[in-house]
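Chain lettering (A, B and C) follows the sequence in which the chains are written, and residue indices restart at 1 in each chain.
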């Protein structure tokens, strides 16, 4: 109990110490809240095609106007948070889990295995990710699930590289050697010592990866490859661009929402990097 | 020839690392180069005996420790404990080997994972090896061990994280944890070199008492020659991966025969200001052990070297009972 | 007088947002010309802080230095940056444990030393510099060939020799060596110490040697100062202090070192841990770990007791230098 309390306090102190992290954490909390409470916060059902077509700001009670199908833009933006967060979290999770497992195994076991895996990672990094995603989406169904999986499957190499480098240095650390002499098996060492101690850079990278995932999804939607059954900001821009001269609000506010959300994730990632990177920490822990 | 086989027999153990060639094309034409970190080391030890291994940095003493603890697999050779081949044992029952052979590391600040409390760190190996039936029982064992090592209050210490303890405390915990397994063979790799002088002696005395209690054989690796003499019964001097001299610790310190040992000991400063030092100067510093030879590895720096020394590695000669020197010009 | 450096009431405090750490507390020290003083102490004893503070190399933002450090007529504590620049290397030089890392890896050794030489003597001729540098290299037992080599072509011991040579380019009056031989191997260390002692016979240089290893001091110094938790415990001639230590801390420290060739006495060491330096302590700083501590020790800070040129800060001795209580004779535990 005591240690939990102590840790919470310490975490709070760290967050308070870094302005970027502070902004990022508050931003994420705000976005989560909006995502969870969107049915309450949204004044209208965004899937409802109403009578008010292309209404301007504030007209007929539509705070941010309506689009060409009569949907309420404000409600769409609020519901869009859900899509963006979902894409961000799920694709980042896929990418992190894959990256950590592959990179961790390669780095810890080393030798020929590492050589092969490293080359695979390099090969993957050379592939133009966005076009690969385009191809997959164009060939298969363009559902949001597919988008998330494809983003996850194409972004793991950077995570793998990070954790591999960590594993390479961690396996030379004394506590890993001492764990070996204590009779722990290789799997135990990988999951108990290597990964938990080397995960921090991956965490920071994953947060930044999340913002990239949001951007990718928006990009796909903008190109008309988004999921038509889901409300997403990218799609709003895609649809709004035809009306940009007459009804600028459709695309603009969705764009602003994307920029803000991506910024929040970036701030969080950068802040985490500052706090978790041993180079920046002030002399705590070992050498 | 002894009739009884020794308790621990290190049999021609070698650890060679392939040297990475800088030039890709050269590596095809040239024959492969080896860094011979440990080269054909053979030592026999009795039960409860303490062997000190001394030498300069890069002489392979730490690699020897790692190989003996099987943190790395030797390129060649084997170690027999009580006539059991550890090579076979590693294949059949790794855990049993780990319980038999323990190592104490140089850096106590890094011996424990920073994410766990001392309690978790101590309980884990017990659980892995099935010592104690319940967690409460294992906790009891740990508390008893900590208190026997003068770490009081044990309850309080078990709750701490490793960065909240001092180096001396951590090294004691490390030794006590190794002792939980009742090992037969302990390798202490510079166990006190990172600690303050005033706490060193407590750690050393604790290591000596515990190993005597358990009748374990100890290999004490250190660059501190005076300390090694204090600790050990036998001393082996290493140079570029080979044992150049081996014998009783007092014999080695007071009557070294190998020119390298002589130089090493003459350069070792004592705390007694009256002790006159006659420094034997040797040229340069140890080269890297990349394909050394064919002659004596020390010949290029040796003040006694003759032509023959550069041609053939000298055989080990027993100059007196149990005092072995790998030099042809020791007299 | 032949006095080179006099430190009076010298204190160094690290100031942090939340706390103050009293690293060096009211120390007094005199160094005469030609002395070689070894300051020994464990980690956290403040020996390095003391040296860094004398050199004024500590970050000024979060350190407070008080007291006086009179170095050939100038107070080191009061000097401004410009005056410091003039003194450093000219009169006061330093060699660190990792001094060799300061050498640039992409320049040859010689030109690097030339540049350093020109900092204080911008108009020196090439020949003058060359002869000076080769003289110094010979002094530390290096061949002239080193002049044209790159740092990576030299071993650690040779690089540290180069560092020592560099520290001597301007013939400093005081040389501070902060753990300068610690990272080296036994053989190299032994040889360098030997060279330093021999070198001093030809050069007129006073040396402060900071180390945790008493044997280094025994081999290379004539005076020793034992430091613990930011205070001096005992200062005196090496031959007196090491043969006949007066302070219980010195005794404890010496009993932690096994002798190389002498009898195998049981190592005892000192139980307990370094006190928290962020709390000001009443009484003798060593009292909590001292086996012979009395009530007085816990309440009153001992004053320095002089006895034939050696000083001890301990309540066991009267101002004349005799043991106050005969029962309190030095105890050698076995």
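By our rule, a contact is a pair of C-beta atoms (placed from the backbone, for glycine too) under 8 Å apart; a residue touches a chain by one contact, two chains touch by 3 or more.
Here the structure is a predicted model, which is why all the values come from computation and not from measurement.
Taken as a contact graph, the chains are arranged in an open line, each linked only to its neighbours along the path.
When each chain is reduced to the mean of its CA atoms, the one lying nearest the mean of all protein CA atoms is B. Per-chain CA centroids place chain B at a distance of 32 Å from chain C.
Centres computed as Cα averages put chain A at a distance of 54 Å from chain C. For the pair chain A and chain B, the distance between mean C-alpha positions equals 49 Å.
For chain B, no residue reaches two or more other chains under the stated contact definition.
Shared interface positions of chain A, i.e. residues touching 2 or more other chains, are not present. Against chain B, in their complex, chain A makes its touches with residues 3, 173-175, 177-184, 188, 192-193, 196-197, 284-287.
Across the complex, chain A is touched by residues 66, 69, 71, 94-95, 98-99, 101-103, 105-107, 109-115, 117, 124-125, 128-129, 159, 163, 174, 177-178 of chain B.
Per the touch definition, chain B reaches chain C in the complex via residues 56-57, 166, 168, 196-202, 204-205, 223, 225-227, 229-230, 253-254, 263-275, 277, 279, 281-282, 284-285.
Those residues of chain C whose C-beta lies close enough to touch chain B in the complex are 42-43, 155-158, 185-191, 193-194, 212, 214-216, 218-220, 238-239, 242-243, 252-262, 264, 266-271, 273.
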